[in-house]
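All chains are identified by letter, namely A, B, C, D, E, F, G and H, in their written order; residue positions are counted from 1 within each chain.
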Amino acid sequence: MKYWRRPLDKNKIKTPKGHIYVIPDRCKGCGFCIEFCPKGVLEESKEINRKGYHLPKIADGKEDDCMNCDFCMLICPEFAIYTEEGE
Amino acid sequence: MKAVLTGSHFMLGDIACAEGALAAGCKFFGGYPITPATETAERMALRLPQVGGHYIQMEDEIGSLAAVLGASCAGVKSMTATSGPGFSLMQENIGLGIVTETPCVIVNVQRGGPSTGLPTLAGQADMMQAKWGSHGDYEAIAYVPNSCQEMFDFTIKAFNTAEKYRQPVFVMADEIIGHMTERVVIPGPKKIKLVSRKRPKRKKNYLPFKPDKDLIPPMALAGEGYGIHVTGLTHDARGYPVIDEETQHEMVTRLIEKIRRHAPKIWEFEEVMTEDADIVVVSYGAASRSAGRAVNIARKEGIKAGLMRLITVWPFPEKRIKELAESAKAFVVPEINMGQISREVERFASGRVLSVTHAGGGMLSPEAVLQKIKEVAK
Amino acid sequence: MEVRLGGFGGQGIILAGFILGKAVAIYEKKEAVQTQSYGPEARGGSCLADVIISDEDINYPMGTVPDVLVLMSQDAFNENHDKIAGDAILIVDEDLVDASAFRKKNKVFKAPATRIAEEMGKKIVANIVMLGFLTGVADVVSHDAMKKSILDSVPKGTEDLNLEAFEKGYEHGKNSVAN
Amino acid sequence: MSAKGAGNEGKIETVEEHPLDHILRQDRLPHIWCPGCGLGSAMTCFAQAIERVDIPLKKQVLLSGIGCTGRIAGYVNVDSYHTTHGRAIPFATGLKIANPELCVTVFSGDGDLFAIGGNHFLHAARRNVDINVICVNNFNYGMTGGQQGPTTPVEAKTSTTRYGSFEHPFNLPYLAAAIGAVYVSRWTTLHCRHLEKSMEKALQKKGFTFIEIISPCPTGFGRPNKLGEGLEELRYYREKSVIKNDASWDELELHMRGEEPVVVGDFVDTERPTYLELEEQMLRAKGLMK
Amino acid sequence: MKAVLTGSHFMLGDIACAEGALAAGCKFFGGYPITPATETAERMALRLPQVGGHYIQMEDEIGSLAAVLGASCAGVKSMTATSGPGFSLMQENIGLGIVTETPCVIVNVQRGGPSTGLPTLAGQADMMQAKWGSHGDYEAIAYVPNSCQEMFDFTIKAFNTAEKYRQPVFVMADEIIGHMTERVVIPGPKKIKLVSRKRPKRKKNYLPFKPDKDLIPPMALAGEGYGIHVTGLTHDARGYPVIDEETQHEMVTRLIEKIRRHAPKIWEFEEVMTEDADIVVVSYGAASRSAGRAVNIARKEGIKAGLMRLITVWPFPEKRIKELAESAKAFVVPEINMGQISREVERFASGRVLSVTHAGGGMLSPEAVLQKIKEVAK
Amino acid sequence: MSAKGAGNEGKIETVEEHPLDHILRQDRLPHIWCPGCGLGSAMTCFAQAIERVDIPLKKQVLLSGIGCTGRIAGYVNVDSYHTTHGRAIPFATGLKIANPELCVTVFSGDGDLFAIGGNHFLHAARRNVDINVICVNNFNYGMTGGQQGPTTPVEAKTSTTRYGSFEHPFNLPYLAAAIGAVYVSRWTTLHCRHLEKSMEKALQKKGFTFIEIISPCPTGFGRPNKLGEGLEELRYYREKSVIKNDASWDELELHMRGEEPVVVGDFVDTERPTYLELEEQMLRAKGLMK
Amino acid sequence: MEVRLGGFGGQGIILAGFILGKAVAIYEKKEAVQTQSYGPEARGGSCLADVIISDEDINYPMGTVPDVLVLMSQDAFNENHDKIAGDAILIVDEDLVDASAFRKKNKVFKAPATRIAEEMGKKIVANIVMLGFLTGVADVVSHDAMKKSILDSVPKGTEDLNLEAFEKGYEHGKNSVAN
Amino acid sequence: MKYWRRPLDKNKIKTPKGHIYVIPDRCKGCGFCIEFCPKGVLEESKEINRKGYHLPKIADGKEDDCMNCDFCMLICPEFAIYTEEGE
């Protein structure tokens, strides 16, 4: 049962780079993906969607930092963001 | 804080109901939240501790009513408030309340049914359930308010009637009235007439279920030293279970007669222009506000329509309906259900009753009522 | 006279309706009935408050077509903007509602209620700003009755804030009419 | 006390009255229980206990649900409420909160308290409502003719488990302890003296207490399961029961077969604020109670 | 062991009921013991494992009916059996069964009520509860057997009707019939007509609550790959919750019409000497055996009495009662209750209905019925 | 998968579809949950889990009772039953027994499962019916507007505990373990990855499994209790949560105030025969099954 | 023809009634209805079984006054002995019932059913002995039909024992009549 | 909590002699008092009561053995037997 003992914020597995996608009109601007991305890849953008919420965007200088860990996808309550293996 | 908030208020129906209970002396609320009755519970949770009472949120509606009955047996005026699904769950313990003659008030703020149905929208489809929902024979008492003021007033009435006749009494409100806000005028405490259950005068020869001439037995409370036994089984005057036909006959007929004999005192209704009416509209609760408008329009159009608005739907004011049936050509019965109380009217006017139905989820339109009035007026 | 207020849960729409109704029913001694509609059960989402005001007893308590329609969210706008009387007025919160889809001839007022509230540092009083705007714009209720009703209805300690919000909205409303 | 007749050799002196008679409703006796049923023993212990504790009888209230055990409320001469099946606990909760002066005991069967009534048990224990719950566990629904219940051991025969029961039964003391009962014990009706003392303890203790009484039911359980009559079932308990106050929860499982012991004892005795105490504390902090 | 015990038996009513269920293909029983219905459960516990079915004793009646509905959704014919107190507890889930259109059979072997009442003695006082016990509007279907043979036969009918119309169907027996032993003849399996719920033909465009022309939607089962959603909330044809007036109207009226439109096919009754009857005795279940004797005696004494024995009390055979009301002078309605179905008769014959009541705990005496017949014959 | 639009600086590439979309009923979205509610996160984890395990979607059945959480059955695109309040477990019991091939999960709220539904939980766990129960604990009844429930911490404010709650809340993992659940874990919605794995585990495990998900409810719990919006509540969990699989039951109490930790982890993982297995065993012994 | 059997739970009174009813209904093709009454719920105590036998359909199924009354306990005797028809016969288990309180003119038979059963080492078959006695004494049912019905109704493996019990009772019955 | 640990069958406390009383018509002959009297004082008598049950009697030679321990009273399900302090 070792698996379960892996602490939350130590996903240090070597993963390939990730490519991030968002479905803008689903986002409700909860900020979960932004706050809890283990690599701090995301930040709030100025842009708002049809419902009036601020979408996440990639933070300056973090363009290559996503490690495709899926965390943003899992925690997004709106099925609004996910990643795929990047280059 | 005061129990009676004397003054003029702009108040939600559900809250007016809670304030009515407090004004009636209610000191115990056992409940389980359910839309659209939650605001009554929430108000009681806020207010009861201010007046030395107790609010307890039970694990479900079955437990809620059980706790309410228990608290009443300890001598405290008690109530619960729920809606259709919770009312269904309370049915077994309603029977217990009837048979043990335990006063309490059960508010049902009706929503659309059956099943989970329309939690946030109105219905009046639990009216027959109020009479027939528990197994076995019994008489129900149910008040039906049609304004926020009546949510206040009728909750007091319900407590008084429950105490007087020693049985659970229903306030059959609906989501429209419960979630509406109107002016509610709360009188001074001295202006509010309160009734408390009859109590035994002495211990000697006291039999807990031996009625006085009015068929109502005085009630001894837990802890007073009477050593009473109270059971949901068929029981004799001592309260002891006796499983036979005779005891059953005696108990059941007394419990029924207790209400039937006093029915003329319990019946309440309001009549508008019925004296000369060819067409009597019988309605209650939210629906009666549509009915009222329809009757007014009909009169303006020269149709002799009148309104009999039921305040107590149970016991059903048979006597008055019978009288009206003698002069009226037809009855129109608008309800926010598929035809429930219309069936009661039919019992006294076979073939002359038109039902105006609504499956629930909104207000009955005055036009629909008017149309039926016109139909029969032809 | 019917006033419909629409928005989403948390904006204080129901409270606004209550304050308006109370102002009328208690401080102007007219008749008022407030009704409301919710999402599933009672858990918020979009909501509407209808206030019917009359000099006589209000028998039938449901709104039919509003004479004043106040909308504070896009959803509320989308669902309600075309259900108004011919001579009604429409008020929208200009930062929350894009009213370009509105095609009718009615008079439309754009209130910066949320913006004013944000400027005051308390987004939560946007509803009170809007009530002020409404009072200034439409002939529904007196300034005085509203003030009293607000004082009765807001939490202790927030009276000044709310009155300020109301006055700001009221002024904006008066100005809008003047323009 | 009564006048006593004269005895002769071997014959015990015969009398007309019993020292606990005033605790019972004489006009309802004899009770309905079968010969060899343990319920009468449990009731005697209870009668003795309520007589011994320092709480006036008129402040004692006894409640029960429906079942053979549930009939006890009808025999004991204190204010008593025989409620609906499974609902004695919430009824008692309302009663206690409405009048905190009363000493409130719920005495009922395993089916009543743990089949239909299980949820109320959970919540009353969680809230630590100051009531005492005494459960007679006879491993079946006696009143309705011996069906499987939530305490029926695996493989046991009842009228609805003709091929042997295939449900794991509850471990009642563990359940009670896990939700927070402040006093938990278990005895068989053979342990009358311990049982009586446990009852005294429970009656006097603040908070939610729980006593499980394992009792012979020759009609519904003993005979179908070859435990025989009441006497034989008690012999079985004499042989198999072990007093072990520090038993692990596992040891408290009841298998009722083979060499498995029937562990009894006093398992929990602790303190935590009751529902009414916490209410008072909270309201006092808000200035609502002086 | 066989599911159908073809042959002649001397069998307890409750056991005949269980055998009827097995003959109807029932493979799941979820129950909770209660006198006087326990023997049905006990029989199922013995027999179901013999035929590859499952008996589960649930923690209470609420859970019992929930399990029965769940099993039915998995495609298995399912039932439960109870008495008054348990029937009261089932009311909320009866509504769920109605709204989700889940076929199942609920047997109520009625005892004396209200509350715990008379566990071992008979009553027929849950008849109105069968129609009105759950909140909201719905139509009920209830068969009432009056012999052990009918305990067998009507349980099969109940399963067939439940499957056909996709809703819970009641067998409203009583303690007298349930605890009586008579000859029961069980036919060969091939002679027993069985009905199974309609099933969807293809997945494409399948909407779980879109009815066919007969108003009954075909039923997809759990695990078949339809990806259905089933809810107790008001829902549209997809089964999705929609909380508004229109959807409510559509759903509730369809559910009600589903039964009303087919009522002429569901109605069953038996008439004896009604052709020329001045006095029609309307009765059902155990009471109808007293009624039958009374009618025979009355005829011998020259009174033109006839018997209409209801087999389905719900839907109430209004049409036939209306017809009879045209020729009959009066109706006499004997029931082991304080007057329930008599009220239904009154709706079609105001003022011409005499009720013969009995508070429960025993059989209605033929003499009491005869006396009322004579009273109206004068 | 969808065609993807072109991105520009900082802006994330926008698309129209999500890889888990086929697991959801698209025609019912957006869901009704408030912004900042944790239910969407819990649902995403569940969607991922049922997609990953080696059980065909058509053999999966999802049930719920009534509540915000209860709506989940309406969004996930498998056969799903939204039953009455508190009754999903017995409904699931019947369904599973009638068709043992199905993988049956009950996903519902703390109030639904442990207030009104508590007894069914007890009995299904006791019987070890092979179903999975996932409970979203948001410390209140969200759907009805934020009242106290059986998990509301002492002192917490809700719309029915305006002076602070004075009931001891349940310790759900302990309760589940004490009655015999074969797998018990607890996570917050912040622990999405652990949660998703726990769900996979539960889905594949035979017997009664239980997962508690602690989830932000800004509307009903966060705001009235100064935990703020969903984001802030999650920050609180980041700060206070501790993974501790071997935690003592006491440590699993949730106080939600002061420095008390929120202990999460995987607490029980064991085996015992399921209801259907024991049934088979018993009937086989009697020659009723081959 | 009505037969009433009375005793206490555990004596097999209901089973005896069933066997008698079945003999008539299945093996003599007459009509028979058996009804019974219990104590509280179903848990035993005293009990009665009534069997009505008729050549025609039995409409009204309840016993009125029995033509044969068989009582196997003192309680049953106390409660039932005076409710019998004028020409009925009364049978009591002589070791369990003191029938001295019986004042009517009816014919009374004292059957040693329990004693015979005890002598056979199986007290439990006293009910079957009593059925034998009843068959021998009263003109209710044929010896043959009863035998068949007993064979159908008793547990496998106890057939011989029960038949022996029946025959012993039957003989005693026949002798009692002869005397 | 020592009290609780006192084993069941070792009531060796010195008690005065007991005097036994029985209420004959209550007894249902369950045999509990006879079987479980720690001193074996009782046995079944031939005498039967009105209900037909055999009452307990004092065994030969045990006339003075009752130690007034109350056990028979507590275990009797019928309130049919009790003891009092004897001479």
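List of remarks:
In this text, contacts are C-beta pairs under 8 Å (C-beta built on N, C-alpha and C of every residue); 3 or more make two chains touch, one makes a residue touch a chain.
Only a predicted model underlies this, so the values are computations on that prediction, with no experimental measurement involved.
Counting steps between touching chains, the shortest path from chain F to chain H takes 2.
Farthest from chain F, judged by the mean position of CA atoms in each chain, is G.
Looking at E-G alongside A-F, one finds more C-beta pairs in contact between the chains of A-F. Inter-chain centre distance (chain C to chain E, centres taken as mean C-alpha positions): 54 Å. Computed centre separation for the pair chain B/chain F is 39 angstrom, with centres defined by C-alpha atoms. Distance from the chain C centre to the chain G centre is 85 Å, each centre being the mean of its Cα atoms. Note on chain placement: the centre of chain B and the centre of chain C lie 36 Å apart, centres being C-alpha means. Among the residues of chain G, those touching two or more other chains are numbered 39-42. Of all residues in chain F, those touching 2 or more other chains are 66, 82, 84, 115-116, 118-119, 122-123, 143-145, 150, 163, 279, 283, 288, listed in ascending order. Counting only residues that touch two or more partner chains, chain E has 35, 38, 49, 59-60, 62, 85, 92, 95-96, 100, 115-116, 119-120, 231-233, 241, 243, 362.
Those residues of chain C lying in contact with chain B across their complex are 17-18, 21-22, 25-26, 31-42, 58-62, 149. Put simply, chain F touches chain A in their complex at residues 4, 10-21, 24, 29-30, 33, 35-41, 43-45, 48, 189-194, 196-197, 229-231, 234-235, 238, 241, 243, 245, 265-266, 269.
The residues of chain B lying in touch with chain D in their complex are 27-28, 30, 49-50, 54, 56, 58-60, 62-64, 66-76, 78, 92-93, 95-96, 100, 221-233, 238, 240-241. Of all residues in chain E, only 8-10, 35-36, 38, 119-120, 176, 179-183, 289-290, 292-293, 296, 362-363, 366 touch chain G in the complex they form. Partner chain E is touched in their complex by these residues of chain F: 25, 27-28, 57-59, 61, 66, 73-74, 77-84, 87, 90-99, 101-102, 119-120, 122-123, 279, 283, 288-289.
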